[in-house]
Each structure stands twice: as structure tokens, then as C-alpha cells.
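Both of the next two complexes hold subunit A, though its partner changes from subunit B to subunit C.
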Partner chain A sequence: MTRFVGRRLLQALVTIFAVVLIAFVFGRLAGSPAAQLLPENATQEQRDALNAELGFDRPVIVQFGDYLGGLLRGDFQNSYRETGTSSMALVAERLPVSLHLGLVGLAFALVLAFGAVLIVQYTGSRILRSTVLSVGSVRASIPDFFFGLLLVLTLSVHLGWLPSLGNSAPLSVLMPALTIGTGQFVVYTRLLDNSMSLEGASDYVRTARARGEGRAFIVFREVLPNAILPVLTLAGINLGAFLGGLVLIENVFAWPGLGQLIVGSVYARDFPVVQSGMIVVAALFVAANLLVDLVQGVLDPRVRLA
Partner chain B sequence: MARRHAPVLALGLALALTLTACGSGSDTAASGGEQELPSITLGAVTEPTAVPDPLVDGSLAGYSYYYNVFDSLTRLDASGELQPLLATEWTSSEDLTEWTFTLRDDVTFSNGAPLTAQDVAFSYTTILENPASDPYTYMRPLESVEVVDETTVLFRLNTPFSPFPSITTSVSIVPEDVYTELGSEGFADAPIGSGPYTFASRTPGVEYVIERNPDYWGESAPFEQVTFQTIADADARLNGVLSSSLDVALIAPNQVDSLTGAATLANTESNGVTFLGANSTSGPLADVRVREAIELAIDKDALVTGVLSGRAAVATQMIAPPVAGFDPSIEASETDVDRAEELLAEAGYAGEPITLSYAIGGRIPLSEEIVQAVQGMLADVGVTVTLEGMDQSTFSSRVYDKKDIGGLYLNTYAPSQMDGDPVVEDFFAGGYNDYAMSPESAALVQATREVAGEERIAAYGDLMTFNIDNRQMIPLYVPETNYATTDGLAWAPRADGLFLFGALEK
Partner chain C sequence: MTATQPLDGVDRELDPALVPAAPLDRGSRRPRRIAGPRSWGLGPWHWIGLAMLTVVVGYSLLYPLLPSYDPYGQDLGRILLTPGADPAHLFGTDSLGRDTASRLALAGRVTVGVVVVIIVVNALIGMIVGTVAGYFGGRLDNAMMALADVKLALPMILVLTALAATFGPSIKLMVIVLAVTYWVGYARVARTSATSLRQRDFVLAPALQGARTARILRVHVLPTVFSQMLILASTDVGAVILLMSSFDYLGLGVQPPVPSWGSMIGESQKYLRQNPAQAIVPGVAIFLAVAGMNLVSQRFTSERAAARRPSRRARGRKE
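So, the complex of A and B:
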């Protein structure tokens, strides 16, 4: 177990290092930030002075070395725009906002998918199954940002029921989360349905039927626990990856999350914030995968430490 | 046992999360209902690019806060005219190198301390001593600031500079003791000003909130609270106003027709000119005949009516009408396709490709449509244009840092202080948009600074005529600035594009 966790931690560090390297190098390729940070009629001397102050007059490899050295000491560098504020502090401020949206979105997806599949499995209705899958597929084929806009136009602009943007009102999370949830709905539905159908054909189910167990007992107590593993795996991985996908949705709903921060920082050439954001996203992704592996082991002894 | 409960647990957790999200409260929109004075929310496009200390940051987004929380010596009214604010009057020496400003004696900061000439001198001197600050870029002519007495300040310049009062519109006056004690970043977190509003709170990237200053020395502000909410996406801003989540927001020209129901249009002529810059140092563009042909081939009327839905006016010169220095006697160059073809033939232009660089989704609304239309118009006379789009920061960096645009580029310049001086400095006296670097135009720019009034307009006229003769820059149009607002909002747009929520000017 210790070796397993140790190996995974090492993998995590390598992944994060790679992400940092890529973010750093691509950022430096995009040019120096003074032109974005100073007004347009600033003199060349002012620009040169600011670029030098931020270290952009030195070779990239030296800058990277300095940056890595700082990381080891827990110094993520200050934001170029919010001078005096650590870039990681800015990221930490936005992370919960994005996680909130991501978790509620995931909850929507899971609740809808589990609800639909359990009804389908319990009733065994083929019409219901194909209806659910068709509706889910149609929704999944509409790009999220477009579906989000449709929601805004109907629920906010036309009906005036929900706030169209921001996260200041408690109900603000509904529309963006619904966009995420319905978008992922069909994936979970298909996965869980397949998995449950497969399990339904296994010997222990036949045995349970032979024992005279009721349909509800078989579906909920026998099949579901065994079929849930692939869904949880996917949910875990998605949870790690969702931050990347949130960028578009955060933009449509002006949701002040990590995605908006990173994109805004890219445009403003605020490299430390971009790098810190990437570190956090990569760490979350790695952590989610690790968690999925560990939870799998707990839920299913067959995959334990395989 | 644990295995049995896992799915139930997962479902329960999911449900709980959903319920938490749905459960609390039912208030949706931001605006207050029964209060005597309404609170409003504004959809801001960006936030300040630096820590919002008015003596350091000079971003457009920043000025919208500072103008509400701080006062300056003078202020531009909505139409761009210079008006007294903290200063009641000002005079200059004969040679325009010494300027004396007389201050009001009844102004207090929101902490109760009186605003004195010493605070004014401190604010200017702090900027002068910090070359890394944004406002420093406007201070080039300023040599020193002296306190003459409690209500008199003397500015000494290093050169004759007739537009000096326009600079005083943008410098916020801060209390010396508070600023010295807190330092720049500390002051940005807890600013004290003398303006119609006071600072309430700030969340970087999310919002900035100001509240009415009940003790304001001037006419009291019409809103209890104003929230500047940063919303980068134009559709999100429009939908925000349409759904009453926002009270006012900047929108694009092609969104104007989508305004219905609860939202109304507020618009004004802007202070900027959208133009084609030209790197005339090499390639086909080095020939003035090619540059002239390009201007003659572009149907600016068609750009305005066809692409911009009429939400702009054809530019006659490189200065917009509301900006000081605009010469009304100059007329727009007429489209003349035949003459353009003649000129190209004379110049021996044989279809060598010319790049046209522009920012996608950046500062210029509909930039892609504009450059495509220009490309088409130029193709009609045989000019081959290759489009080169990039994001705004890359574009800005190439124009304003590396100065390495080759060919044509679509750009705009809108001077916040509503004076032509920084514009002509940039275009014609060796600035970032000046590829020609002509000593002749630089001398004409200097000449504008040594005269005032009608003579100054005439000097600008000479400069603009020089540009028409040399076609260094091709003015296209002056856009309208369009806002979606909720009905009956006590607010009017300003030519300088800043948001001011003080009492409306009569």
C-alpha cells in the first residue's frame, strides 16, 4: 500500500512538473507582459524597466530555474497585476467557486442518470430506455455554451425566473450546473445501464431470482452495487478534468471561477497566475484519479492493489 | 456492509448537494426595490490591470472607479468639455509653462479631513516620482508642483504645453497622511477619497462595490450603492441587462437590435477613431501612391452602414469630434476606385500580398467583419490582402511593445482625457503607431503645444492635412458607444467611455 501510494505521488509530481514546464515555456513564448501591464503611451524605457523588474531580460532557463526554486520554498510568485498578492492566493480564492459549480453539475448528472437508469432497469421497458438515451444524446450533441445560452434566453431573459449571471444569488448555480449536468447525463446513463444489464445476466442474479427475491431487491441491492464501479470511476476522472471544460460555461454565465481567472490571466500575460492555476488543475486531476483507484479498491476487493 | 451502502451514500450525497444549491433564499435580481435610492449593478468589461491605486493604475476600468471615489482638479463633462471640480479657476503664464490652479476651500475627504493644496501637490509629486506608474506617462511636460498657499497650487512645466488642464482631469487627489501611512497596496484596499462615492469592497476578478458618500461636498449621488461586476462576455452582459441581473452594460453595435422589453439603448459618439495603420518603411506600402490608393478604394460609408449597422460615423481625420484638437473644417476623403487603380498602376504595384493584422474579439467590436470588408474592397482594385488575426494581447504586444507590424493593421485610439495630444504624439511624433517617423510631422506636433485656442485647432488642422498628403494612417470611422440599460436609469453615457454615477449634469 505504501509503495503504491508512493509511486502514485511520484507520478503526480512528474505530471505537475510537466504541466508547469509547458505553461512556463508557452507563456514565455507569448512575449513579455509589459505591453499589457502599462498604458499604451508608456515609453520604451518604462516597458524595459518593468520587463527587467519581472526578470524578463534574463535567459528563459534562468527564469525557469528561479521559478522552480521558488516553488520548492512554497513561493508561487506574486501576480503581475495584483502586485503584492501571491498568485496561489488568487487561485485559491476562485477554486471553491469552480468546485461548487462542478460538484453541483456532477450531482445533477448523477441524480438524473441514476434516476433514469433505475426506473428503466426496474420496469425493464425498452421504449423508456431508448427514449432516455435519445433525449440524452440529443442534449449531448448540443454544445454546452449554446445550451447554456438557450437556458439564459428562456429562463432569465424571457421568463425572468433565474439570474442570468454571476454567483451572488444562491440560485445562480442552477443554470450553469444544469448545463453541465444534462450534458454529461447521457454518458453516465449509458455506462450505468450497460453495466447493470451485464450484471443482470450474471449467475448471482439468476440465483437471487431462483431464491424468489423481488425485482426491486434484485435491482437495488444486488445489481446496482456491483454495477456502480465504472460510473464512479468516470465521475472521479471527470471531476478532475471538469475544470478545463468549465471555461466556456463560466464565460456564458459570467461565473467567477478558476476558468475565467486563468483565461483572463492568459490574455493579460499574468504568467504566475496561469502557472499556479495549471498546477492546481493538474493536482486536482491527479488527486481525483488517485482517489478513484483507492475507492475502487475499497468498493471491490478484486481490483485492490492490482 | 459498507459495500451495500455505497450507492445509496453516493445518491444521498448527490441529492444533498443539489438541495443545498437550491434550498437557500429566493432573492434573484440584484437591484433593490423599496429603498429611497436604488442600488445598481454595472457589467464591466474588464477590471483594472493593476492594483487599483489611482496614483499607480491608469486603466480604463480603473478610471471608472476612481472618478466616482476621488475628485480631480478638473473634470470632463459628458460631452468632453473641461469643467472645474476641485479647482475653481486656473491661469497660465504667457509662455504656457506655468499653470496656477485655485482650489475650493470647502472640500473634505470621506474620513472628515479637509482637502488642501498640500494633498494636491502630494498626489502629483507621488506620480512624478514613480516612473513605473501609468499616470506618469501623462506627466512628461510636468517639472514640479508647488504649494503657494492653502488653496493655490503652481505647476511648473519643462516645455510650453497648452493642453495641460486636460491632464488634471485624470489625476485623483488622495489624502497625503492616509496614503503615506498605508502605502500603495494598502491604500488600494482601503482608499479614502473626496468623491461622490466611498469604497465598500473589492473582490479581484469579480466585483468592486462603492457606496454613496452622504457627506459629499457637491450634489449628492443618485444611487445608494454601485457594483461594478466584471463580465468579459458581451452576450452575457446583454442577457444580464435583459434579465435585470444588470442595470447597465456596454454592448456591441450588432447587439443593439436585440434590445427589447425591459432594456433601453443609451448611446453616444465615442472619443476614438478606428483606423488602418501602415508600416510604410518597406514593401508596397513604402510608396505613398499605394497608401493613397488603399484609402481611396475603401468605401467608409459602406463599412459604417453595412458592417456597423450605422452605429458609427465616417472619420474625417485621426481625432474624434468630441476630442480637443478636432478640426471641423476637414472633410472625409471620397471613395474613388478609378483613381485608386490609376495610382496602383503608376506605382507599379503588381499584386504583392499585403498583410492586414487585427485583434480577434478584442477592443474593436466586429473587427473580423471590418477587415473582411476591407479585404474585399481592396481586392476590387487589385490589392491582395492577407488577413492575420490574433488575440488582443498578442496584437497589443506587437503594436505597443515590439512595434513590428508589417503591412496594414486595424487599430483604435481613444484618449481618456479627451485631448488630442497623446494621440498625435503616438501617431506623428515617434510613438508606437508612427512607423514613418517623419521629423516633419514631429515638428507639427510640437507646434500644437505652443499655441492655444483657435490657433491650436489650426495647428491640428495642419497636422491632419499633412497626414492626408502622406497617408501615413487611414482613418476609417468613429464608433458609437452603445449601452443596454434598464428603463429610467438616472445615468447618461459619456464620450470618454467612463462610468460616472454622480448627479446627472443638467
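So, the complex of A and C:
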């Protein structure tokens, strides 16, 4: 188990390093930020001074070394826009706002998907199954941003039930979370249904049935625990797409989270903030995947050997 | 190795965890419709999908032939018309008085072009990389999988946003970014396929006879992989349209004045209250294209979409 954990940790570190490198390269591709930060009539001396201050006059390798060294000391560089504020402080400020939306959305998705699939599997109803899967397919054919707009149009513009933008009212999380939740619902319904149907056809289920066990026992105690493993794996892989979707949804609903901060900083060429933001997103992804793998290693000894 | 069904020459070796199974109870598999020459093996849902696609593609191709086609002409005296308010503007006009019906058709043409380019390039790159990695295995294989993990950790929207800020957003940039990143899914399927083909008799036999590796790959391995790539590509069209429209919506893809379904929705969001139809019309077009394509692609596969990313657990078991 120790070796398994050690290897996964090493993989996680390599992934994060790659993301740091990519984030840094993006920042340097754009060239010196002097043109954005200084007034248009700034002299060449002022530009040179700023470049020297930010370290842009040195070789790129040296800059990257400095940056990495800074990261290890916990120095994520200061934001160009809000001088004197650490870029990581800005990111940390927005992170809970995004997590709030993401977790509520994920909760919607999991409750809906597990509820629907468990009912389908428990009743064994073919009509119910194709209904659930069809509804999922229809939702999967609508882009998230358009689904969000449709929600705004009906719930907010026509019915006036919910506030449409921002996160000021306590209920404003509902529409963006519903958009994310229904989008993810499709993914998890398919995965879980597939996985449970497959497990349902295996020998131990037939044995249980022959023993005369009830449906509830078979579905919840025998099939579900085994069927959850592959779902968990793909959930980890799906997280990257999920985080990307979050960026989009935040823009649709003007939700002041991490996604909006990063996109805004990109346009303002505030690269330290972009870099810190990308590092945090990647770290979230890697941490969640690590957790998934470890949980799996605990639940299923075969994984540890792989 | 799982059971293979030599059906119309397509070798369907799927990950066992992803093969669809019958519902829990009834025990028996749903009877499969047998492909007859007369029906082309199309069920009712395939026909519905085909009809939806025909509506969108036919409209995009044919509407520009009408005399009222004018996607760029502005008329500030006739802005934000609702559909039907003026017979000259079938779907109304946008905030600059441009004809929505014309812009919808042009956006459809742009979408078809971009999607075809993205999918062809990705399928080609994925096929080559995946086949080589799967057939030879070893270090190359590991390197490819590591690359795939890094790619998965980076939300594409962030990458494209960062690049767009550096180089300026353009349709070219979007196509390049999607073309060089989206192939990982294809590579994985090609790799799985090539790994299993490597041990099959009809691949081993020519190798034993001293055939050159290039020839074995070209004659015996690639045709099978290629048909898998076609199946995957058919299921991918919908996904690429969705992705592309998201980028367009954020303003990272097709640039004005050229219209795209995503950017039409994005622009109309500002006056959603006055004229919701300007957002709904392109939204319906996206839905028809994506849902239609998804229904049609089920002709080639049922649950193939899930097989795009073979589970890590399954991957581990094979190695």
C-alpha cells in the first residue's frame, strides 16, 4: 500500500509540475507586460525599469528558476493589476465562491443520477430506463450556456421566481447549479446504469437470486458497491471537463468565482494571477484524482496491484 | 480478450466494463434489429436523427441561394425585429438589424467546415499515435499516456483563453488548439485496438513470414483501427459542435462579423428580455445538429461514447 501511495503521489507531482511549466510558458509567450501596465506615453527608460523590476530582462530559464524557487517558498508573485497583493491571495478569495457553486451543482447531479438509476434498477422497468436515458440524451444535446439562458428566460424573466445574475441573493446559486447539475446528471446516469447493468448480469447476482434474496438486498447491497468503482474512476477523469464547464457557467451567470477571475486576468494580461489560478485548478484536479485512486485502492485490493 | 463480433468487417473489441448489458431483471438481451439491405439497418430514431440533420444542413446549404440572403447588411432602422414581424426577415433581426435567417445559414456552413477539419485532423493524429504506441508498446506508450493525463488536468477553455489573450482570438487559433489537443481520445481507442490486434494470428503470421513492420501496420492493422476511428468520429461530431459553440459563445472562436451559432447566442444575451427569439433560434439549430448527429451515430454504435475514455482501472488490468 505504501508503494502504491508513493507512486500516485509522484505522478501527481509530475502533473502539477507540467501545469506550472505550461502556465509559465503562456505568461512568457505574451512578452513583457510593460505595454499594458504603463501609460501609453511612458518612456523607454520607464519600460526598462519595469522590465528589470519584474525580471523580464533576464534569460527565460533564469526567470523560470526564480519562479519555481518562489513557489517553493510560497511566493506566487504579486498581481500586476492590484500591485502589492499576492496573486494567490486573489485566487484564494475567489476559490470558495467557485467551490460553493461546483459542490451544489455536483450534489444536484449525484442525487438526481443515483436516485434515477437506483429506481430504474430496483423496479427493472424498461420504459422508465429508456425515459431516464432519453431525457439525459436531450439534455446532453443542449450546450450548457444555452440551457442556462433557457433557465433564466423561464424562471427569471417570465416567472420572476429567481434572481438571474450574480451571487448576492441566497437563491441565486440555484440556476447555475441546476445547469451544471443536469449536465453532469447525464454523465453519471449513463455510467452508473451501464455499470450496474453489467454487474447485474454476473454470477454472484444469480447466486443471490437463487438464494432467494429480495430485490432491495440485491440492488443495494450486492450490485451497488461493486458498480460504484468504475463510476468513481470516471468521475475523477471527468473532473477536468467539469472544472472547464464551471468556467463557462460562471461567465453565463456572472458568478464571481475563480473562472471569471482567470478569464478576466487573461484579458488584462495579469499573468501571475492566471498562473496561480491554473495551478490551483490543476491541483484541485490532481488532488481529487489522487483521492479517488486511494479510495479505490482501499475498496478494491486488485487496483493496488495494477 | 473479450468476444469479438465480426460484423460488417468491423472488429469491435471493447473494454468489457463498457459493453452495454441488458437491464437487471429480464435476463435476456433486447432483440437486436437485424440490418436489412432495404432499411440500411436504420430504426425509427435513426430516421428522426437523419431528419433533424437534414433540416439543419439543408437549411444552411440552401438558404443562401435565396435572394433575401444577406448575412452582413445592417439596417439600423429595423433592429431586433421578432420572427414574423417582417416577411423579409424570417427569424427577425439582431441588434444591428442584420437578418438572423441569413446569419443562421452562414453560421451553419462555418460550423460544418470547422467541425470537419477538427475531426479529420484529430482522427488522423490519434490514429497514428495510438496505433504506433499500441503496436510497439514500451516507452512511447508510457509517454503518450502521461501526455494524456496532463491534457486531462487542463480545462481546454483555460488553455484557449490564455492563448487567445496572447495571440488574439481567431477561428484559426481555435481550430489549431482543438486539432492538437482533442486527438487523445482517438489515440486511446486506436491504442486499445492496436494492442489487441498485435497478438492476433493474422497480424502475427505475416510478421513471422518476414513482412516489414510498415507493411503489417498498413495492410493488417490500420484498416481495423481506421473503421474504429470512423465510428468514434461519428459520435464525436456532436461533442465538437458543443465545444465549438461554447468557445464561440465566450468570443474565443469565430470572430465577428462572421456569425456562429454560439456567438449569436452570446450577443443576444444582452437583450434577452426584449427579443428572446434571437437566442432561441441559434440554440435550436445547435440542438438539432447535435441531437440529430447523436441519433444517427447510434446506427454505428450504441454505447460507444462511453468507450472514448477507457477507464483507468481497465487500463491497469491490461498492462
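Just so we're on the same page, the second predicted complex is superposed on the first by the 280 of 306 C-alpha atoms of A that agree within 3 Å, B and C clash if a C-alpha of one lies under 4 Å from a C-alpha of the other, contacts with A are read in each partner's own complex, and residues count from 1 in each chain.
Simple rule for what comes next: a residue touches a chain if its C-beta (ideal position, glycine included) is under 8 Å from a C-beta of that chain, and two chains touch if they have at least 3 such contacts.
Nothing here was measured: the structure is a model prediction, and the numbers come from that model.
Peer 1: Based on the superposed arrangement, let me know which partner A:F253 touches: subunit B (first), subunit C (second), both, or neither?
Peer 2: In the superposed model, A:F253 contacts subunit B only, not subunit C.
Peer 1: If we overlay the two complexes on their shared chain A, which of subunit B and subunit C does A:F217 touch? Say first, second, both or neither.
Peer 2: neither
Peer 1: Quick check for you: in the superposed arrangement, does A:P230 touch first (subunit B), second (subunit C), both or neither?
Peer 2: second
Peer 1: Can A:A18 be said to touch subunit B (first), subunit C (second), both, or neither?
Peer 2: second
Peer 1: Between subunit B (first) and subunit C (second), which does A:E82 come into contact with in this model arrangement: first, second, both, or neither?
Peer 2: first
Peer 1: Just checking: does A:P39 make contact with subunit B only, subunit C only, both, or neither of them? Give me first, second, both or neither.
Peer 2: In the superposition, A:P39 contacts subunit B only.
Peer 1: After the superposition on A, what does A:V152 contact: first (subunit B), second (subunit C), both or neither?
Peer 2: The answer is both, since A:V152 touches subunit B and subunit C.
Peer 1: Could you say whether A:Y204 touches subunit B, subunit C, both of them, or neither, answering first, second, both or neither?
Peer 2: neither
Peer 1: Quick check for you: in the superposed arrangement, does A:A49 touch first (subunit B), second (subunit C), both or neither?
Peer 2: first
Peer 1: Identify the residues of subunit A that lie in both the subunit B contact region and the subunit C contact region.
Peer 2: In subunit A, residues 30, 149, 152-153, 157, 251-252, 263, 266-267, 269 are touched by subunit B and also by subunit C.
Peer 1: Once bound in the complex, which stretches of subunit C touch subunit A?
Peer 2: 17-26, 146, 149-150, 152-159, 161-166, 238, 242, 245-246, 249-250, 262, 265-266, 269, 272-273, 276, 279-280, 283, 286-287, 290-291, 294, 303, 305-306, 309, 311-314, 316-317, 319
Peer 1: Given the complex with subunit B, which residues does subunit A contribute to the contact?
Peer 2: Listed in rising order, the residues are 30-32, 34-43, 45-47, 49-50, 53, 81-85, 90, 93-94, 103-104, 106-108, 110-111, 114, 149, 152-153, 156-157, 160-166, 168-171, 173-174, 177, 221, 224-225, 228, 232, 251-254, 256, 260-261, 263-264, 266-269, 298-299.
Peer 1: Under the touch definition given earlier, write down the residues of subunit A that touch subunit C in their complex.
Peer 2: Listed in rising order, the residues are 11, 14-15, 18-19, 22-23, 26, 29-30, 120-121, 124, 126, 129, 137-138, 140-146, 149-150, 152-153, 157, 190-191, 194-198, 200-201, 205, 219, 223, 229-230, 233-234, 236-237, 240-241, 243-244, 247-248, 251-252, 262-263, 266-267, 269, 274, 277-278, 281-282, 285-286, 293, 296, 302-303, 306.
Peer 1: Per the contact definition, I'd like the list of subunit B residues that touch subunit A in the complex.
Peer 2: My answer: residues 2-4, 6-7, 10-11, 13-15, 17-18, 21-30, 43, 48-51, 58-59, 131-132, 134, 136-138, 185, 203-207, 229-233, 235-237, 239-240, 242-246, 391-394, 396-397, 400-402, 413, 422, 425-426, 431-432.
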